[in-house]
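Next up: some structures, all given as structure tokens.
Shared chain: chain A. Partners: chain B in the first complex, chain C in the second.
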Partner chain A sequence: MNRRAFLATTAAGAAVAAFPAILKAQGGDTIKVGFPGPTTGPFGALAKDQQQGASVAMEEINAKGGILGRRLEILFRDDQLKPAVGAQRTKELIENERCEFIVGGLAAHVQMAINEQTKKAGKLFISVSQSDEITARPDWGPLTFHEALNPTITSRAVGNWLAQNLGKKWWILYADYAWGKQNNAVLTEVLKRQGGVLLGSTPYPLGNPEFSAHLPKILAAKPEVLVTMTPGADNIAFLKQAISFGMKKEMKIAQPLHWLPQLKEGGPDLYADIYAGINFSWQLEDAIPEAKNYVALYRKKHNEPPGDYSAYAYSAIHEVARGITLAKVVNSDAVASALIANPVYNHYKGKQWWRACDHKAFQDLWIVKGRERSKMKGEWDFVDIVQKVAASEELDRSCKEKGFV
Partner chain B sequence: MAELTLATLAAQAFTGLVLGMILVLLAIGLSLIFGLMTVVNFAHGSLYMLGAYLGFFLIGYTKSFWLALVVAPLLVGALGFGIERFLVRPLYGRSIDDPLLLTFGLSLVMVETVRLIWGKIGLTLDPPRELAGAVNLGFTYFPLYRLFVIGVTVVVLVALFVFLEKTNVGLIIRAGSRDPLMVKALGFDLGRVWLLVFGIGTALAGLAGILAGPMRGVYAEMGVTIIIESFVVVVVGGMGSLVGAIVAGIAIGEVVSLTTLFAPKFAEIMVFIVMALVLLVRPSGLFGESGLME
Partner chain C sequence: MRSWIATHPVVAFLVVFAIFPYLVPYKALATQVLIYGLFALGFNLLYGYTGLLSFGHAAYWGLGAYGTGIALAKLKVGSLWLGLAAGLGLAAAGGAVIGFFCLRRRGIYFAMLTLAFAQLLYFVGFHLADWTGGDDGLRGITLPPLALPGVTIPLDTSLAFYYFALALVATAVAALKRILDSPFGAVLQAIRENSERASACGYDTSRVKLLSFVFSALFAGLAGSLDALRLNVVPIESLYWTTSGQVVIMTLLGGAGTFFGPFVGAATFLVLEDRLAVFTESWPLVVGAIFMAFVLFLPKGIWGTLLARLGP
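Right, the complex of A and B next:
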């Protein structure tokens, strides 16, 4: 081996040996946010929408020079809609990938599992889907934040509006599990306070495709409003059957939420005239400048308008960035304190704020109604925005009711 | 609780009848196959699902629900031919568990394949325009499409009855399920009869699938729960008994519907309570002959 060859070999060897160090140095320069979500499974479409919203926020932040001069990086992981997997992925994100912040989770039970891990590791977690427990004791932790609406707020807002505008004689049909039961309890209470009459309230097993046996007695009872909690595939099966029994003509049908991927799947023939609450709809771009900005960025990147759940993820990533900028340090405790000290923010639909006691985000929501096919402008124009329900802490349980003194 | 009237009860009984009809179509196929070949076909639910998906595909392709209603079950039946000839047949003469495991595995393969082709998100299938909307039956509004489902099932059942009771092939099938050895000794090719029966059974599952699609939506897991209910119907009616499948199918549909009216929380469990009670009194089911399972 001559000298030249020796030098070349050792130089290459040194480069190879140094390479991981180079990678590591670059990795240290980015600020990492872990993002678990059920990209496979029945909520896959919603989870994908959330990821896309988070990516839009990341690119927007990085295009403006990052945070404290560092790039933001989001690490997406599939939690398969299983609490155990969600916990494992979160642990890996924190311990192996060194994520200082976790944003994500879809479905209440997986959020809880993620939250347990972030609490244990002392990392900030911003949850981006519905849950009442996550901001109540004993589940809540000092670094737990909740960007999404929750069943109490949604059902109180929607329930009040329905009772005041569509009628006070109701029937409630709900999937017999946590989310369905919670909404049923809140709606029942709302109706009582509004002086309405609950003609009946029927549970059905979640995942049941056949509703016909429930329908004749509801038809016979003649409620003014039928409120249903039929999540996932059940929603489409239920509406199909209710419509085939002529129920749309006999009563108003409402549900706590519309989801854009679901509206797309079921189409206007099913969803026309169905009332629901929604945290965001892209048509708000006409009225709200921040919405216009978000919808434009999202459309540019993904060639379709953003869904309602993507907006939660978009806003939560921006809140992580805002917190770091305020705290001037990449540290969960400091960021949490900074956000609570400066609770007001506005990323996509107007003013929102964090409540100090439980770190719940308060925000406007809207009552929407499914559009008829003939009135749709473009393939994504599924809803009419009927009314805004302004953000109010009154709509949620109080700090005391949630176990905070 | 709404006032309980005769009209409500009648409406409830009618919805139960439709639930029963889909179960009858599935259970008859299961029972036919079991009666002749003692094969417990676990792939039946997936074939039901496949009928709905093929229906969706054919409607998109031909724009005709009516054509799809005929062709989709035939395609599923053709697939049934293939399953019997190449997968199940080598297992005859072995333990009853072997074809059961095979068809169970096959059902998982079919679900995954459908997810690969059509995606994980469900599809919606609309009833044809002629059958959209509800009719006033006097005591309630009832979807026209559901009446149609009752009609189709009755027609298919009558046709099946005539085929089995009045034709020579039907005679051989009935004889084959009583005493296959004797039928073979008489010089009949039982292999062709097996093929035919497996094909008819699976085609009925496909028909049930495309009929159920416009009512319940089309998704890869749609066969998972209904296969269990169908087995309950077969067991309650008596393994291998066609009359049993019809009676038990309608009975289970009515049980679900009427329990939903009075105590919706118990509608699911009631199906199994009925099965347990029937088995306590008649261990071979309502119309079953003893000894088939040994």
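Right, the complex of A and C next:
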């Protein structure tokens, strides 16, 4: 290669690297799904688990010949857990990459910023993390779908079970921000309906996990159940302090959710005997054929079992594919109509369905309890599945309560 | 060429930015550059031309964004002009009040006070969730069509919104040019060079500084307001100190104290972020290294260095 050819090739290479738009013409045959998620930042482990679940769905679909004869392609983007970045990346995915569908978002505030962009651009958006507002007016749009559970469903399901099985004298400890406050409100209402007694309720500033001032007060009140909303790193700090105060022996401790990456980080010494809800746990592979299929595919690709949030992403990608197949056209409006006209699906854990008014996915969830180290079979066996809570629209707010007439 | 640009900056600005959307990978990125460039331009008026380092410019960006956002989403004013006016009014009022207090101190104390006021607004925004949406951010901001005498233009495509923003930003650039060319602008630079001497010459330096502060807040507020219209959401991070940090970086990268430096800095920062983030999560490492290289070796920034190299 002479100098001139070398320069020309390098320049062309650099141009291609700088502007993937040039490659667009070659990739015209694929169906593109944009997938923003916070791969950097405090929820990085959960976001990566979601990306891996989405990739498993993509490969499964493409191995079977794609959709309408076209390959599915997922474009992952880092939203840094910031709404402005999530919004900008969504614009980039839609305008620059010509994605017709967006799946993703891993925090209420970011997914709602993404949702504003998809609403404006007229693209289908399937949200895959918790939020009450996303399926309620005014945030909801006709192309907004919500695959994940939400704080209302989770806390009603977990709260009912706790009151009926562990005791009706509670104390609630929660991080003082949107998610913590929402769960606190729902749990308080559930306990009242169950005829229980709320001995006390303590907010603390998110990201400031210093509980030693509160714990003696809670111990003295002798609640049967201590329900906590301490997300992320706060959760681990809280459990360490609670254990050092000997609280596990004095009362049952519960929280709305367990997340597999977090169970892994904290380990069984912290999480043993802690109750929580979960949308999916890989141990369900023994009971549910679809779960067995998903867990096997995921293990094969990533050499570890899937986490609970990856399953949302896996299911949502399959829903995009199912919608396109039903609609026979790659178009957001047509796919949305097709999904609502054929609302029942089952990709990884049994029957689910879209509710017509708000496009909320209804699905089973499970009450689980942290396992002791001595009882674990393998390094990922963190929970005992205690009971299934069957999917029910009663657990969510009604269409009317969400502002749909 | 250089002297022509110097004498006709607004025309030069319009020429470059008229074709800018076709030079970057997609239109929304061009709009983002335009808006952050305006934000940096406002910051530069205070820092580059008056010599006052504010670490709290997120306050005026955020006030502009929330002013417009609340007017459109909560008060349902339904007019683009009223929405913008609400943002600008709030930012100017915020600039006047905060400037009044902060300008009583100099140097690091001034910088820390501006930071403290901005963080104070952040916490107010966080807890006034009924108005601001709290940590979920303010959503539901509808973009009303542009109503001009005799004609109404919808702004819902990226390109239409870009040229609407360009018209406003160009007006702001022209206003800044007018400010800097006026005797008032000369006093600003006199204060930057030697505040005591400026006051010995008989200028009321505290009044001039306060005016400069309010103008700077107005530019930042217009930028924030446009960003609320662009994204249809106002995240609580708008008021957070990281937003203030970003505008400092953009301005220094482009060249503080130069007319177009802030736009060059914003464009460099945002285009690099956008393209690098597609390939690597460690893009801040690259942008950070470039920033440090400029601060250490070329402290005049990209545009400042270019101007110096081209000679007078």
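Keep in mind that, in the parts below, the second predicted complex is superposed on the first by the 379 of 405 C-alpha atoms of A that agree within 3 Å, B and C clash if a C-alpha of one lies under 4 Å from a C-alpha of the other, contacts with A are read in each partner's own complex, and residues count from 1 in each chain.
Everything below uses one rule, namely that contacts are C-beta pairs under 8 Å (C-beta built on N, C-alpha and C of every residue); 3 or more make two chains touch, one makes a residue touch a chain.
Bear in mind that the values here come from a model prediction, so they are computed numbers and not experimental data.
Of the two partner chains placed by the overlay, neither chain B nor chain C lies in contact with A:318.
Using the contact criterion defined above for the overlaid structures, shared-chain residue A:265 touches chain B, although it does not reach chain C. Contacts of A:88 after superposition on the shared chain: chain C is touched, whereas chain B is not.
Looking at the shared chain after the overlay, A:210 reaches chain B, while chain C stays out of its contact range. By the touch criterion defined above, A:219 reaches chain B but does not reach chain C. By the touch criterion defined above, A:40 lies against chain B and chain C together after alignment on the C-alpha atoms of chain A. On chain A, the surface touched by chain B in one complex and the surface touched by chain C in the other have residues 40 in common.
Within the complex, the chain A residues that touch chain C are 17-21, 39-40, 77-78, 82-84, 87-89, 91-92, 95-96, 108-109, 112-113, 115-117, 119-120, 133, 138-139, 177-178. Those residues of chain B that touch chain A in the shared complex are 1-3, 5, 7-8, 11-12, 14-16, 18-19, 120-122, 124, 126-127, 132-134, 140-143, 145-146, 214-217, 219, 222, 225, 256-257, 260-261, 264-265, 267-268. Contacts from chain A toward chain B in the complex involve residues 40-42, 44-45, 176, 199-200, 202-205, 207-210, 212-221, 233, 236-237, 240-241, 244-246, 250, 261, 265-267, 269-270.
On the side of chain C, the complex with chain A involves touching residues 25-29, 32, 129, 134-137, 139-141, 156, 158, 227, 231-233, 235-238, 274-275, 277-279, 281.
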